[in-house]
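Shared between the two complexes below is chain A, which has chain B as its partner in the first and chain C in the second.
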Partner chain A sequence: MSIKTFKGGAHPPERKERSEEKSIERVTSVSQVVIPVNQHFGAPIQPLVKVGEYVKAGQKIADAEGRMTVPVHASVAGIVKKIEPRLQSNNTEGLCIIIEPKEPEEGESSTDFMPPLDPFTCSKEEALARIRAAGIVGMGGAGFPAHVKLAPSKPISVVIANAAECEPYLTIDARTLVEMPEKVVEGVAMVMKIVNAPEGVIAIEENKKFAIPHVEKALEAFSKARPGINIRIQELKTKYPQGGEKMLITAITGREVPSGGLPMDVGCVVQNVGTLCAIVDAFKEGKPLIERGFTVTGAACKTPKNLVAPIGTLVSDLVKAGILEIDEENLARVVFGGPMMGVAVPGYEIPVQKNTSGVLLMSRDEAQYYTEETCIRCGRCMRACACRLSPALLAVAVEAGDYREAEKIGLLDCIECGTCSFVCPAHRQLVQKFRVGKQILRALKQKESQNAR
Partner chain B sequence: MPDKKYLLSSSPHLFSPVDTPRIMLSVVIALVPATAYGIYLYGFPALAVVATSIVSAVAAEFLFRKLIRQSMTIDDFSAVVTGLLLALILPPSTPLWMVALGSIFAIIVAKEFFGGLGANPFNPALIGRAFLLMSFPAAITSWSMPHGLALPADAVSAATPLNLVKQGNALADVAKYFGASDVGAFYRQLFMGYRSGCIGESSILLVAIGGLFLLGIGVIQWVVPVSVIGSTFVFSLLLGMDPMLGVLTGGIVFGAFFMATDYATRPLTPLGQAIFGIGIGLITVLIRKFGGFPEGVTYAILIMNAFTPFLNKLRVKKYGFVPPPKPAKPSKEAVK
Partner chain C sequence: MVTTILVTIGFSALLAFVIGIALAFFREKFKVERDPKIDEVRDALPGANCGGCGFPGCDGYAEAVATGRAPVNKCTAGGAATTEALGKIMGVSAVAEDKVAVLLCQGTHEKAVAKGEYVGIPTCRAAKLSTGSVKACAWGCQGYGDCVAVCKFDALAMGDDGLPHVNYDNCTGCGMCVEECPQKILTLVPRDRVGSIVLCSNRNTVKANVIKTCKVGCIKCELCVRSCPEKAITMVNGVPVTDYAKCTSCGICVEKCPTKCYKMLETDVLGTKKKVPVMAEA
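Presenting the complex of A and B:
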């Protein structure tokens, strides 16, 4: 099998060995859940429950009208204790619904799931409605509503299961492939059916080769059960940001997603492994997205683990319950997500949400911090940029406030993967500048279009 | 929540171990073979030139940054690189006060006046040499034959191969001047480096080893050196000069690997770098053929440095580039 990749990128230290071989552990009882109302990319939604109300696991507790909205469900059965703003993993305070678990009364079920639905026989509309009703968003990190992604307005030729897991430290996708390959394969088949794609590809980076035999076995079993569905494995070079949607598409199909366009413009749909499992659960069990797998690791974590926990579980509660042990003395940085794109947060009393792929507890040694020095124009960022954006020149334009030039270089095409900042020998905060610059440029463009009207 | 404070910063939270001092030190390491050979060829005076140049460069940067109350930058080793590079492109017999003056000029005028590391438009070491060449043309163009580590009473003044060619000597006579039996042996001798010239540029072999080391560890890229050396060869051939001699003598290989690849003053984009390198080759050959000096690498690189900001506009097409929609042509009725 040929190993494919994209141009550019870098090799950050992988540091996956801590949790790579730890089986996924299921967290069943928690003392409370803090469920953020808004966990998706799109329009905000509102709570549907009141303080004091009893809710079942899987019951919808927040929703709104609108295409870019996704409902949120109670992840445990219990009583709504509070509805108040709390610190979320994106470092902003957002409205959260706090539920304290309580056993249901005699004869009552503690869950409120939907009836199972067969995606291979139901209509496309039914399937998309189910995915929205199950509250599924992209679980790789972006939190993009899945029902929008799976309703492309253009024909799709390839469905790609993103198991690249190019972020260092994280191992949950690899563990999922090893432990539940059937589910991933089935998820790919379901998505292929929904978007009517003839081909499915499960993309795995080379450093997770050990998962390939498991997936191969599952593919074999699946092709016997449902012949005629074309799914294959594609090995990819271990390189960051291989798991970026655009890079993955380019590596596998050779096509480039046009600037300002979407994967569907080149006939692709990419879904993260976790999302695919959630889709399978939503159809087969009628279970909404109320729990997810994530990796807890880092040198300050004495017990690196791959966990599946209810959405809204506070990391601090996992410590209290003895599931995690933290080297508090040595802990210097807490990151929600991977080390390349994750968000550093001021503590770990923060809930796991739908897009939390990992929690990093970095030690003093790991948590490097540098002051910015002057650019020596070495060009490392230019060669590393997977979007070929000339970060060194882009940074000059952004710093000078020349947003016209910055847009020309491709500020809005930046995928914010952070490779430029990683390779910079002067520790320039390049991607950080581009994040701010993108927001300013978008605001400027909006103003311009308003004035033009 | 524990009251202790955690580090908060925007991602990424990992950093490559390659930093500015490490890059600069690797350039110094790459220059060690050529420097050592220069000292072997010309003895103590060469060592004195190298030491003077480095010390005055670092001291100039230190004092200037102190004077203008800016952050101290001598620990990034860039001044060491500038000092060393300047020493290696000077004749071994250069008076030490001139060396110091050139080095100070390179650091303060060519580098710090423009904002220091990374902000200088022209290569500081070459500016230093150009400044000395214009101020003291006699001293900077007086060469001596290699005399080894033995201290000669007075260095025998000699001509460089390019001097002799410029004066209209035939290649075979030039070979004889350097004690080579025929042209082929002369080429081999030039490649190994036993000839009169600047301290660090004579041995093509050792310069290339240093350059390939930098290429191998990814400090420099191949586009600039290949285009400089390749175009010098081609343009020499086109102008009826001996292309092998053109590449093996003078400072073209040294310039290609260590001067033209200077981060701050070469273009950042691959296409820009290729044009930059070809320009250097062309201008070098033009100066050698038609100019007043026998050698032109210094000016060729400095002239092309001036084009760098424009060459930086030749960017690679970004990922997923879509050509902007052409403005619709006005309809014929509108024109009427």
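Presenting the complex of A and C:
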């Protein structure tokens, strides 16, 4: 099998060894869950329950009208204790529904799942409605509504299961492949059916070769059960940001997503393996997205683990329950997500959300930072940029406040992967500047379009 | 030798004469009509190019005024004198709005709790983007001086306490800082306004959370609303707002406020009047 990749990128230290071998552990009992109402990318939604109400696991507790909205479900059965703003993993305070678990009354079930649905026989509309009703968003990090992604306006030829997991530290996708390959394969098949794609690809990076035999076995079993569905494995070179949608598409199909375009413009749909598993659960068990797998690791974490926990579980509660042990003295930084694109948060009393792929407890050594120095014109950022931009020139334009120039040389095409900042020998805070620049540029453009009206 | 020089001079003079006539001819022939008012207005403007009017510099504003697209009182840098001059040119009467910028936050380093240690790009916008807010209060001043950087009139300076301080003598009310502030906690207030103002923007509805994050935050006790004899204070979007048509500057709200976030504009903030002890007034 040939090994494919994209142009550019970098290879940060992987540090996956801590949790790579640990099988996924299920967290069943928690003392409370803090469920952020808005966990998706799109229009805000509103709570549907009141304080004091009893909710079942899987019951819808927040929703709103609109295409870019995704409902939220109770992840445990219990009493709604509070509805108030709390700190979320994106570092902002947002409305959260706090539920304290309580056993249901005699004879009552503690879950409220939907009836199973067969995606291979139902209509496309039914399938998409089910995916929305199950509250599924992209679980790789962005939280993009899955029902929008799976309703492309253009024909799709390839469905890619993203198991590249190019972020260092994180191992949950690899463990998912090892432990439930059937689910991933079935998920790919379901998505292929929904978007009517003839080909499915499971993309795995070289450093997760150990997972490939498991997936091969599952593929074999699946092709016996449902012959005629074309799914294959594609091995990829270990390189960051291999797991970025656009990079993955280029590596596998050789197609390039146009500037300002979406994967569907080149006939591709990319879904994270976690999302695929959630889709399978939504159809086969009728279970909404109420729990997710994530990796807890880092040098300040004494017990690196891969966990599956209810959405809204506070990391601090896991520590209290003895599931995690933290080296408090050595703890310097807490990051939600991967080390390259994750968000540094002020503590670990923060809930696990639908898009939390990992919780990193970094030691002082790991969380080093450097003072920014002047650009030495080495051009390493240009060679590393996976979008083939020129970060050095972009930085000059952004620093000078010349957003028109920055736009011309592709500021809005930056995917904010952070490879440029990583490779810069002068420790320039490049991606950080671009993030600010993109925000200002978007505001400027919005203002202009308003003035033009 | 001499003839060569003379011929050259003569030829140059002739050439200059012909080109001069041609230039004069084409100048009249291809003349671009331009409203003389634009130049008149432009001359009356201070020429700071601050952009406070919302137009691209004084030239942009002059054109907008002359063509009637903009009111004459937008130039805050020039103040009343400029407004009057522009009004005379345009034949309209207008009153200049003399405003100053006021920071609606008192969360100094000591009083407001920091969320963590921020080590990124030292601008307010970058800090807000990556941390939500560097303070535990999501609405407070970030303290990296984006407003100071945009001020063209040297009216803002970062204090050691971590907040920008407005020099009301220099402030022209151009509003550049108001526009720049990512937290939108700078506001323009008429210079001669009297009455009370709440110097807090915290919209957290949970009282305990406000107390935890800031010592000078509005805790939504609504004592001010209840104690105001003129019923001039109402809660709007989580913070009390004074109706200046009703406010008599009695100072009861300032006195009652448990966290001292209510201040008197004329004495505590702008300093347009001397402070009179409440006891003496009674």
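In this text, the second predicted complex is superposed on the first by the 453 of 453 C-alpha atoms of A that agree within 3 Å, B and C clash if a C-alpha of one lies under 4 Å from a C-alpha of the other, contacts with A are read in each partner's own complex, and residues count from 1 in each chain.
Just so we're on the same page, contacts are C-beta pairs under 8 Å (C-beta built on N, C-alpha and C of every residue); 3 or more make two chains touch, one makes a residue touch a chain.
Because the structure is a prediction, the values reported are computed rather than measured.
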Aligned on chain A, chain B and chain C: do they clash or fit?
fit
Output check: A:E84 vs chain B and chain C. Expected answer is one of first, second, both, neither. What do you get?
second
Could you look at A:P346 and tell me whether it touches chain B, chain C, both or neither (first, second, both, neither)?
both
Which superposed partner A:T92 touches (first chain B, second chain C, both, neither):
second
In the combined three-chain superposition, what is the angle centred on chain A between chain B and chain C, taking C-alpha centres, to the nearest 10 degrees?
70
What's your read, chain B or chain C touching more residues of chain A?
B
Could you tell me if A:I204 is touching chain B, chain C, both of them or neither one (first, second, both, neither)?
neither
Check whether A:L411 is in contact with chain B, with chain C, with both or with neither, and answer first, second, both or neither.
neither
In the overlay, answer first, second, both or neither for which of chain B and chain C A:A300 touches.
neither
With the two complexes superposed on chain A, say which partner A:V431 touches: chain B (first), chain C (second), both, or neither.
first
Using the touch definition from the top, say if A:I440 reaches chain B (first), chain C (second), both or neither.
second
For A:Y369, using the defined touch cut-off, is the partner it touches chain B, chain C, both, or neither? Pick first, second, both or neither.
both
Please work out how little space separates the C-alpha atoms of chain B and chain C at their nearest point after superposition, in whole Å.
5
Residues of chain A that lie at the interface with chain B and also at the interface with chain C:
91, 343-347, 369, 429, 432, 435
What part of chain A is in contact with chain C in the complex they form?
84-85, 90-93, 343-347, 369, 429, 432-433, 435-436, 439-440
Contacts from chain A onto chain B in the complex sit at residues 10, 12-13, 91, 168, 246, 250, 256-261, 316, 328, 331-335, 337, 339-347, 349, 360, 362, 367-370, 373-380, 382-383, 386-390, 392-393, 409-410, 413, 418-419, 421-427, 429, 431-432, 435
Once bound in the complex, which stretches of chain B touch chain A?
1-2, 4-16, 18-20, 22-23, 76, 78, 115-119, 221, 263-264, 268-269, 312, 315-322
Chain A touches which residues of chain C in the complex?
115-116, 119-121, 123, 125-126, 129-133, 136, 138, 204-206, 209
